[in-house]
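Since the structure comes first, as structure tokens, the remarks are kept for the end.
Order of writing sets the labels: A, B and C. Residues in every chain begin at 1.
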Amino acid sequence: MAIVGVVASGNLEALFERTDDESACRVEISTAAHGFQPLWEAVLRDFVARGAGGLRISINDGGARPDMVALRLAQGLRLMQGPEA
Amino acid sequence: MTHDELLSKLFPASHNVIVQDGLVFGGGTLGGSQPVHVIGVAERSFLGVEGAIALAKHVLSAVKGTARHPILVLVDSRSQHMSRHDELMGLNEFLAHLAKCLLLAAAQGHRTVALLYGGSAAGAFIATALACDTLLALPGANPEVMDLPSIARVTKLPLEKLQEMAAATPVFAPGLENFAQTGAVAQTLDPAGDLAAQVLEALSRPPASDERDRLGAERGGRPRAAEIATKVCREAKTA
Amino acid sequence: MSQATTKTQRRVSWFEATARQRLAALLDPGSFTEFLGPAAREISPHLALFSLPAQFDDGIVIGKAKLRGHEVFAAAQEGRFMGGAFGEVHGAKLVGLLRAAKAASRDAVLLLDTGGVRLQEANAGELAISEIIRAIVDLRTGGHSVIGLIGGRAGCFGGGGIIAGCCTRLIVSEPGRISVSGPEVIETNRGVEEFDSQDRALVWRTMGGKHRYLTGGADCFVDDDTAAFRAAAIENLAGRTPLTVSVLEAEQARLKARLRRFGTAKDGSEVWQALGVTNPASVPGMDTEEFLNAVRAVRESADDAR
């Protein structure tokens, strides 16, 4: 398990948990900002392509921009690959 | 109910309760049978540093006495006194001190019972009525954290929308019924009945511990608090 | 602030750190076990009504850990989520932690960073604060210490300030502000003549860490540095005595004396002048070392009357 970020304006938190299914990465996003689905999908496609199988990622969004989303996802993934995760 | 009407109902024989600068001090024999110490805030006054220290002094002198008479806290206040002077002096310490005095009095064997018959808000509410073991109220009492127009300003929501939401949940809007549902108010008294007898009855049932979260769950005003606190205690035990 | 520093360690700002980073820096490495962590997803049931996003830990991280080998219960508020304010779940987590500390006979450290009550769940938040105060008093009368650490973004306002006043000891840094009514609250209710909330220097002279330390509202003043907070927490945890009626009698005398001595002062600088600080106007600009040297002999100590 790993948690990164906080729910504040322009920021988000992402909770990373392991699953048994190595072939899938499940992402749940909770956001009050509507109409940004294509943007989320683009950021997530990039992220998953780098190998995020076996993860469940739950996001609470405070209105983060795509670069912040990418940063938090990368931070979380690094923690999950670390020795303590 | 006015302060004087309240006193005459609680102390039909006699009492020596006085109001000075909106603060209440004294004592009496509740219903003619049970001696009690009395403190409080009256006349919808604000509670500031001077008021808090004066009330705390009265609580401490009650604790110093040999008899463990109950302490009755009569509340009709506004919020804490909001001023530069009060904050410069450290109002947080003064209000904390008053709350600690009431809680220590209870730990020393005094029953502490508050009777909310008017308003109270925010820090003044925390340091007086909410610092007693049992909070009783009379219909018409109006506890609040902040009035709805101010909440509307801070949350940037239209007042009409807030009023609509307040009807759906007791968790944020002012009022006795809402606070009762969250478990803050143990019991709302019947003003038509014998008030002294009702307070005496409440005095005879001291809560064993802080039951307010459990009450809030039963009454539906705080659906999660009791369960969360219990879960934490359970995890702490097994961790 | 002076630029001269001989410290070789890199300073980590307490103010800038998140709640989780503060806990990691404060406690013995790897010793923290979280209770009701984010994976439990115990979010606020009330924020959705206001179309506000939730956070998995509801803005407070609680658990047990070691502080230089001594087992403590710890809680850290996240000042960046909803201003660190107390809601139903947030508050109940701290209530539960303090009750658990009592059951386990442990001291508690509270990393306070809060604007007060969360207005969207105001009644639940207010009541939680009252329950927290009662639980702190229970813990303290049982002989355990509750140490408050204040130096975060949100300060320590509203009911949070009252909670601070119930702690055994308070550690504060310069950015730490402690008060009941915040600057905006005073200005909104009483007008800009009473308090200009935009005047940052005034805010710090009235409720800032230095003023609180000078008048006995805080016991320890440290750099905005996680290592300094850790050292102070270890030092202040040791050798405390239980909360008793005599402690409160001493506090009564201490607060009464404060009003007698400084009650007519209109400004923090007048209080510092009356205390005997040599050059009160220079206080806000002093770095921690200068400040501690300048005020050591004249500051009002709470002397454990808290």
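Methods note: a contact is a pair of C-beta atoms (placed from the backbone, for glycine too) under 8 Å apart; a residue touches a chain by one contact, two chains touch by 3 or more.
None of these values were measured; they are calculated from a predicted model.
Taken as a graph of touching chains, this assembly is arranged as a line, each chain contacting the next along an open chain of partners. Chain nearest the geometric middle of the protein is C, using mean C-alpha positions. As a whole-number value, the distance joining the C-alpha centres of chain B and chain C reads 25 Å. Between the Cα centres of chain A and chain B there is a gap of 46 Å. Between chain A and chain C, the centres computed from C-alpha atoms are 33 Å apart. Taken residue by residue, chain B touches two or more other chains at no position, since every residue touches fewer. The part of chain C that touches chain A in the complex is made up of residues 18, 20, 37-39, 41, 51-57, 78, 80-81. Listed in rising order, the residues of chain A touching chain C in the complex are 1, 3, 6-8, 11, 13, 15, 17, 30-32, 58, 60-62. Chain C makes touch with chain B in their complex at residues 33, 35-36, 42, 45-46, 49-50, 62-64, 73, 88-89, 91-93, 95-97, 99-101, 103-104, 117, 119-131, 133-135, 137, 141, 158-159, 161-166, 178-181, 185-186, 188-190, 194-195, 206-207, 211-212, 215, 217, 243-245, 248-249, 251-252, 255-256, 258-259, 262-263, 265-268, 271, 306.
Of all the residues in chain B, the ones that touch chain C in their complex are 49-50, 53, 56-57, 60, 63-64, 80, 82-97, 99-101, 103-104, 107-108, 122-123, 125-127, 130-131, 145-146, 150-151, 153-155, 157, 165, 168-173, 178-179, 182-184, 210, 212-213, 216, 221-226, 228-233, 235-237, 239.
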